[in-house]
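Here subunit A shows up in two complexes: once beside subunit B, once beside subunit C.
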Partner chain A sequence: MNEVKEDIRSYVLQEFLPGESPSNLQDDTPLRTSGILSSVATLQLITFLEEHYKIEVEAHETGVENFDSVADIAAFVVRKKEGRS
Partner chain B sequence: MLDLELTEDQRSLQNAAIEFARSRLECPDIARRDRDEEFHREGWRQCAEFGVLAMPVPETYGGLGHGPVDMIAAMEGLGYATRDQGLLFSINAHLWTNSIPILAYGTEEQKRKYLPRLSTGELIGANAASEPEAGSDIFSMRTRAERRGDCYVLNGAKTFVSNAPVAGLFVTYATINPSLGALGVTAFLVERDTPGLHVGRPMEKMGLRTSPMAEVVFDNCEIPLAQRLGREGRGVAVFESSMEWERGCILANCLGVMRRQLEECIGHVRARRQFGKPIGKFQSVANRIVDMKVRLETSRPMVYRIGRLKERNLPAMLEAAVAKLYVSDCYVKSCLDAIQIHGGYGYMTEQLIELELRNAVGSSLYSGTTEIQRNIIAAALRL
Partner chain C sequence: MTGPAAVLPAYLEQSAARFPKRPAVVDPADGAVSYARLNGMADRFAGYLGSRGIGAGDRVGLLLPKGTVKVAALYGAMKAGAAYVPLDWTAPAARLRAILTDCPMRTVVVHPNCLAALDDLAPAARPQTVVVTGERSGAGAVAWEEAAAHPPLAAGERTTRAEDLAYILYTSGSTGVPKGVMLTHENATSFVEWAGGVFRPTEQDRFSSHAPFYFDLSVLDLYLASRHGACVYLIGDDLGKNPRELARFIAANRLTVWYSAPSILGLMAEFGELAKLDCSALRLALFAGEVFPVKRLRALTKLWPHPRYYNLYGPTETNVCTFAPIPLPVPEGRTDPYPIGAVCDHCEALVLGEEGRPVEPGREGLLHIAGPAVFRGYWNRADESRDRFVERYGKRWYNTGDVVVERGREGFVYLGRRDRMVKRRGYRIELGEIESVLHRHLLVREAAVVARSEPGADVQIIAYVATRPEARPSMIEMKLFTAKHLPTYMSPDRFEFVAELPRTSTAKVDYQTLRRGAGAG
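Showing the complex of A and B:
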């Protein structure tokens, strides 16, 4: 789980928060509801996750319940990898 | 002058395109057709016969299997040799928003069903994305695609749909849920005779008037699941890939026009005499020609670079945005220079230079405006 969180955190920092101090992106920092990730940015992140973890994310799974924070996203990825989602 | 952009084969292809356009797309009545907004059906048929519509499609699906640089070379040649830029615009819309996305995202069945007919030109493709309230902010579209059993039901209105009055196939973007934003956008292949699809009134444009355009309305238009193009909620990928191609290849036509204009202007400033000498001897006139030359020489490598990246299957979003922003600006400026160099005659419709200016202005709007290209570049630079 921690490794997945780290991957997501570095991707978000690099792609969507350039110049931001990594300490400002906590596991529970809101990403979608705060506007850090637009829907286009979320799609880019999902494409990265699909390629990196060989998972497939359905359109109905892309809402804020799974994609609002590093912790939520990592938990979703782990569930997907384990075939539980 | 040695052309470093093209191989020998590509040069031959470009010359063949020039010869073809000179002999078959000759349009002495272009001023009238422009006035009447007349689509050149025979020209479309001739282009199909020459193979333009089949070029980027693999042989397996009835195409000729040419690569992107070949395509750009041919498009540059066509732009150079015909004044019917509206027809070329329609061809671009057809290829980059229909054939290419179907090739990239279509199922085997969709490819076999549509690509051969798109390649022969029997089927004309259109792109139904823009909406009255969703232009630059395209993914805020409201046209709904509601899943009902093994169908989607489309409801909504599209605008600025190039080729709509003559198209048989509409690559259409709709959302499964507007609150999902870009994550809800889904692409569909909608045939013209599908009940519930209505092509509205033709829209009259400033330029590219021989490329017909209309609004399209979907009113409880039922689309079988098998007509979805790509995954549900992944229409953005389909749209972005077609824009990347379109931005690169439409600009190739513009390069051709800029080259022809430069040659014509050089001929004019040598022949036209005022104050006892050719006007090209006046430095302020010569400077305009110099600027036109510099714009052409700096634009060309940008456009071919997109082709080279696409040939290697590399992303070209940034490069396409840089080229679109720069070349469309150069294109408009060169048309204005051409008018100024021709003096009062350049302003007369008979000279057809004002027609080219009207066509050129569209290039800063279609496939994403100049401002949107700047936003794409800024985002790619992580600003």
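Showing the complex of A and C:
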């Protein structure tokens, strides 16, 4: 779980927050409602998750309710991976 | 059908008489509603408003997600003689409060999740009645179900006139507060009648309603459809941003008329898996609101070769005033954006150069528009309204602020702007409004916001923020701060922290240097 969180955190920092200190991106920092992830950035992140973790993400699964922070997204990825195996 | 209706709700009434059982609205969450039923809902809500003394000269706010209730409420407001004010229910409460304070509403139809925006309003800004959807009537609030069960207005109580305000659309304002564009029934119907002549809709058409109702693209979706008895498919915010789902929605519902900003069309071409879907029912693909990067338009038209494409142009203040059909195929080598085209029949265009003198075709100048579609003014901003008009040849011309050149058969070509307004995903953004929000942050000494666009890419908004080096906020903190005050489409893509902003020799912020990206120090 922690490894997944770190992967997501470094991807978001590198792609969407260049120059930001990693300690500022908390597990619960809102990403969508804050505008850190625009709708296009969200699509880019989903593509990364699908390729990196070999999972299939359905459109209805990526609402703000369960896809708004590093912790939410990591938990989602872990659920997906477990469902597969 | 019979002659043009003078007011927007008459479109609904005429279609309810001609096609009572045909679907007027499809809400994916709720199913289809017929013209007769929608008209009945609107009549009863108008009756409720009338019973509360709400009518001509009043405003009804709409603070709820897109759905059948919202459509019934806006028609009901207009039938009662009032203007509707659609509000962005996803906007931060601070921005909604600024609008509600600028433009007090007699009543607001509100979703329970949005009620917090009505807290903390000054007494003068507080709506007298609050109509809440999906809730029981209670202290200070009436349930929508109850309001929409009221006996309709009697024929004699219906007094809506063509010159009355139909709606007020709030858009970004350069001084830091959004501004309300006031539009009359005649403004809207003159456009709808023009569009009917060009696009020839029928009651068999299925229109998309992709744009939010506070965006003027919704005027075509809602009223061109109801004018001709067609059906409009309501697309909410989540579905509207999801290219893959949206493409499936278009195919599954066999939509025939699509209208949106170019950005989502470009995303559908890229992510929508269009090659796997049957969207052959689509006969018209209309886009407006910003320049369509040619590379993306070419990609889209290869995947969707069947519809006719039109580039529609016009600010909220005039709605569409020029249009250009796009001949297919888009040539492989083409990189120049398509022109905005010829002036619509219901408008007149005039290009004025320096010192306000008309220029000859082939020379650049500011596009001015006259005619029945031109708005009345900005709500509560008489001076700013006056400044946007000039008198020439006995007519009142609206200065769009857009620099154009007229090029023979192509018509008008859009070149850019001289002020600080930019478009992103079709939304208008005044960079000054973002700056004034950043200035409110305690650690920010100064801020300057610029937009950069590279051909074929989206506009990037970059905020330069001057702080003391030892008290520098994080980028995330600035993102969270702006999200509290501005809608997400106005949030800067990047923050650059500097010790001082660059200055020109006259001590003004040197925006040119910042736009070149040379200001980071």
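Quick note on the criterion: the second predicted complex is superposed on the first by the 83 of 85 C-alpha atoms of A that agree within 3 Å, B and C clash if a C-alpha of one lies under 4 Å from a C-alpha of the other, contacts with A are read in each partner's own complex, and residues count from 1 in each chain.
Here is the rule we use: contacts are C-beta pairs under 8 Å (C-beta built on N, C-alpha and C of every residue); 3 or more make two chains touch, one makes a residue touch a chain.
In this text, all values refer to a predicted model and were calculated from it rather than measured experimentally.
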item: Of subunit B and subunit C, the chain that contacts the larger number of subunit A residues; value: C
item: Contacts of A:Ala59 with subunit B and subunit C, given as first, second, both or neither; value: both
item: Touched partner set for A:Pro22, first subunit B, second subunit C, both or neither; value: neither
item: Which superposed partner A:Ile36 touches (first subunit B, second subunit C, both, neither); value: second
item: Residues of subunit A contacting subunit B in one complex and subunit C in the other; value: 18, 38-40, 43, 59, 62-63
item: Residues of subunit A defined as touching subunit C within the complex; value: 17-21, 24-25, 29-30, 33-36, 38-40, 43, 59-60, 62-63
item: Interface residues, subunit A side, partner subunit B - complex; value: 15, 18, 38-40, 42-43, 46-47, 58-59, 62-63
item: Residues on subunit B engaged by subunit A in the complex (per definition of touch); value: 139, 176, 180-184, 186, 231-234, 236-237, 382
item: Subunit A-touching residues of subunit C, taken from the complex the two chains share; value: 238, 241-245, 267, 271, 458, 474-477, 479-480, 482-483, 488, 491, 493-494
